[in-house]
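Read through the structures below before going on.
Both of the next two complexes hold subunit A, though its partner changes from subunit B to subunit C.
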Partner chain A sequence: MKKYLKFIQIAFKDRLAYRVEYFFGVVGFFFLFLAQLFVWRSLLGQSQQAASNSGVVTLKEMTTYVFVVMIVGIFMRNNIIENMSIRIRNGLIAMDLIKPINFKTYLFSDMIGKSFFNFLFQLLPVLALGLIFLRINYPTVPNFLLFCVTVAGSMVIMFLLSFTLGLLAFWYQSMWQLNALLWAFISLFSGMYIPLWFFPKMLVDISNFLPFRLMYFVPISVFMGKVGLVDCVYLLLQQFLWIVGLFILSRLMWRTAIKKLVIQGG
Partner chain B sequence: MPVIKAENLCKEFRQRKGREGLTGAFKDLFNRKYKIIKAVDDISYTVEKGEIVGYIGPNGAGKSTTVKMLVGVLVPSSGVVEVNGIVPYKKRELNAKRIGVVFGQKTQLWWDIPVLETLDLMRHIYNIPEKQYRDNLKIFSDILGINEFINAPVRQLSLGQRMRADISCALLHNPDILFLDEPTIGLDVVVKEKIREFILEINRTRQTTVILATHDMSDIERLSSRVIVINHGRVAYDGNLSTLKKQYGTEETVAADIVGKIEDLSELRALGVNEIKYEDNKITIKYDTSRINSSAVVSWLVNKAETKDINIIGTPIEEVIRKIYAVKN
Partner chain C sequence: MRTIKLYLRFFAASLKNALEYRLGFLTEMFTTIVFYGTTGLTLWILLDRFKVIKGWTLYQALFLFNLNVIAYGIAAFVFYWSMVYMEQMIQRGEFDIVLIRPMNSLLYTIMGRNYPSFIGHLILGAILFVICGVHLAIHVTALKVVFLVLDIGGAVLIHSALFVMVGALTFWIVRSYSLFDVMTNTFDHLIDYPVSIYGKAIQGFLTFIIPMAFINFYPARFFLQRTGDNLFNPVLQYGTPAVGIVFFFLAYQLWKIGVNRYESTGS
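Entry: the complex of A and B
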């Protein structure tokens, strides 16, 4: 168990070596956020509100929404699929397999370490700026706690999705198309660009079958107090079921993948 | 009870066969054709504790594939493989705790952080007790000299330094078995010698079993008494190195510096030697070991003249291996 804590530490230290570069990355990040904000401002127009599936949405709410998307995004971003694809393609995966570590747990620890780094060096500065200059709706304490729990669930779902897809690198040489496809789905169905309040019914129905909305839209709705306690429990249960399902799937795929392993050289 | 057991081990790979031309490529999209490559074809052997085994063969012979099956990275297509009584690919993590692996072309170390950090990370991964960790670091510094570069990140190291760091990494947790796949490739003589010395020391003091897959014959000569020759995925020879040389390496050379002069070479010729070169107080005698013993030649020599320096040179092992490959083809 301790060894995975060490992995988290190493991932953090590894990033620390390039902290200045990452800090500047925040600037781009922040501008993306601002751009979205201006789009919504102009979309909502004079009235500063719009009609949706769940009532009227105000500018202040949309500002909050976009702001929290940015927060959640810090913990979602990872290069797991790319990393796995590279390691599998150039045979470095062999070096991971000769160590007495669980590859999946190692990747997860790595993601946590990087997220923690991102939290300190990217999120906090943006948060500080945002809270000073923006007017957003602050959550109640219980909502905030529930929000944290749902974000944790999102992270696990994101990880398992990325890992499971990453395993396909054992079968397919080129993974970036798959990665792009995943992100296309996430962009649409997670609510990261457009809240599901604005979706036509058919898209809402589809997205209810997919895990993506559980990654952005649901945590943000919880943050904004749009979800009652009972519904919240129900949604957490859904997250849990997706996690269990993906976990089992990834295990099965891992076993098959290992048998299929071909390593170049010698 | 052998520490390593391989029984009828086979590994097949499916390789895509591309069809010719544009129509061929189009057909390939819908119906791929595969070629089956038998990288390892019925290999069997056992290794006892404390042995150092040299594993030689030409490129593509199946050396690395076998090693990868032994360490649990590849799953055999058929056959049995057992290391320390465990099936490596079935209990990968358990097996990994008791073995150390060095792949010549790939590194185990984290690229951007200092070597010491990786070693510290290994300490956690393998649950190495503090004392053992410090003792091993000291040994690695003494014999391999890693303290010179232990604080540098791996990307800044030369090949020789990186290899030494990788070997330290592999032995940090005192594994029972050490697998080396081309460990001295591309290294200079000084570093090679340090590494060989180190491996011998570890084998002597800890009875660590060593499997050394290599092209470098001088590695084999220096380190192992037993060799397994692999060719086309099969075992071509498995036995003692000197027996191997006797069986296949038939030509030997006696070279000596003489004081004075030898007049009569007829007795030497009568022995049936292949070639005699004698000029400027240096004599070189080449003969077939299957017909003449070196002691016969040497005793003739010392009876005939005062010798300053005598060397007996066997067939270079490359020659021996080439003969085996030729025969077994």
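Entry: the complex of A and C
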């Protein structure tokens, strides 16, 4: 456990080392945040509210939604697929395998370290600035705690999904394509840009069968108090089942992949 | 003339290279189509529900989006890969090779680093143009066709200039990944929607500083003959080709300063 905490710390420091990178990261968040706010402002128009699949949604609620999307997004973004495909292709993976660490846990710690750095130093300034000018709905304490739990769950789902896809690099070369396709699906079905309240029925039905909704939409709905306690338990159960399923799948794939692995000497 | 010939040679080589891995080439094209297609789908979901965004209907918004898809596709085809690669070239001192070639440094940098799978953008663009054309019943005249070609040319130059600027700035900042992300993805995302939805400050920023509004917003206003959302001055809707040339010229100057500043790596 101690060594993985160290990995988290290292990832954190690694991010600190490149200040220009850091600066443009902040600029990026600022513009993304602003763009989404303006989109909803003009879509909701003069009345500042709109009918949706689950009652009327106000501009203040949509502002809150965009606000929380930014927070959740920080914990969903990672470069695991890219990182794994590089290591697998150039053989660095051999070094990871002979070290007395669990490769998967190492990647997970690395992700946590980077996410928390990005959250504290890149996003928080943007959000703090936002709070001066914007009015949002704050959650109740129980909702906030439930939100944290669901975000942790979605972080694990995202990690396992990336890791499982990343393992495909043992068989397939152009991994950036899979990464791009994954994000295409996430941006459409997760509620990252459009809450599922505004989806046509057919797409809501499709998204119920996919894990992506559990990543953004569900935690944000919990934050906003749109989910009853019973539903909340049900959604947590769904998250749990996805985690178990993906965990087993990644285990199986890892075993097959390692057997297949041949490293060129040198 | 010689340069063009050389460029075509390099292009043919990179195309052959791509076609050598036919499956990879096809899946790559498929990926770019799906990736941009989902952004189009996002617009569709929003406007299916809300009908208009700042007075723009679904097909008008798709037309706007499409102008950017095409311009980005062409510019990225020429510049994307080489400008991403700049980071590595500078870190490893590989840029030395460029300097000893009897050729313009920018031209040599982009030679042979085309990205044929951006043809996917053109396919998606053609499909969307047909869909929008049918639904919007745009009256096609010779003048409009000329304008369309000029505007796309200008828009391609604006996108190209952004790529070159990132590449040039790499000479100073060395690690350029997040700059690349901001300049080509984040700003690109801003013009998925009509620029008129933003506040005056961002409109000004996207018109006069990073002139991305000229890629699609101002030309689209002209083609769709929109009388609403008149920003700054109506003459801007004819400005894309000129802005493209000026902006690309500035990017090229920045590139030249950057190249002069380059001092290989040690060892």
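The rule is short, and it goes like this: the second predicted complex is superposed on the first by the 258 of 266 C-alpha atoms of A that agree within 3 Å, B and C clash if a C-alpha of one lies under 4 Å from a C-alpha of the other, contacts with A are read in each partner's own complex, and residues count from 1 in each chain.
Just so we're on the same page, contacts are C-beta pairs under 8 Å (C-beta built on N, C-alpha and C of every residue); 3 or more make two chains touch, one makes a residue touch a chain.
Keep in mind that what you see is a predicted model, and the values were worked out from it rather than measured.
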item: Combined model on subunit A: subunit C and subunit B, fit or clash; value: fit
item: When both partners are placed on the shared chain, which of subunit B and subunit C touches more of subunit A; value: C
item: Partner chain(s) touched by A:Lys99 [first = subunit B, second = subunit C, both, neither]; value: first
item: Subunit B versus subunit C as contact partner of A:Phe38, first or second or both or neither; value: second
item: Touched partner set for A:Lys2, first subunit B, second subunit C, both or neither; value: first
item: C-alpha centroid angle, subunit C to subunit B via subunit A, nearest 10°; value: 90
item: Partner chain in contact with A:Gly91 - subunit B first, subunit C second, else both or neither; value: first
item: Partner chain(s) touched by A:Ile258 [first = subunit B, second = subunit C, both, neither]; value: first
item: Partner chain(s) touched by A:Gly28 [first = subunit B, second = subunit C, both, neither]; value: second
item: Partner chain in contact with A:Ile206 - subunit B first, subunit C second, else both or neither; value: neither
item: Distance in angstrom between the closest Cα atoms of subunit C and subunit B, superposition on A; value: 6
item: Set intersection of subunit A contacts, subunit C complex versus subunit B complex; value: none
item: Touching residues (chain side subunit A, partner subunit C) in the complex; value: 18, 20-22, 24-25, 27-28, 31-32, 34-35, 38-39, 41-43, 50, 173-174, 177, 180-181, 183-185, 187-188, 193-194, 198-200, 203
item: In the complex with subunit B, residue positions of subunit A that touch it; value: 2-3, 6-7, 10, 13-14, 17, 91-92, 94-95, 97-102, 258-259, 261-263, 265-266
item: Complex contacts: residues of subunit C adjacent to subunit A; value: 24, 27-28, 31-32, 34-35, 37-39, 41-42, 45-46, 48-50, 53-54, 173, 175, 177-179, 181-182, 185-187, 189-190, 193, 197-199, 202
item: In the complex with subunit A, residue positions of subunit B that touch it; value: 13, 59, 63-65, 67-68, 71-75, 89, 92-94, 96-97, 99, 101, 103, 105-108, 110, 112-113, 117, 121, 124-127, 181-182, 213
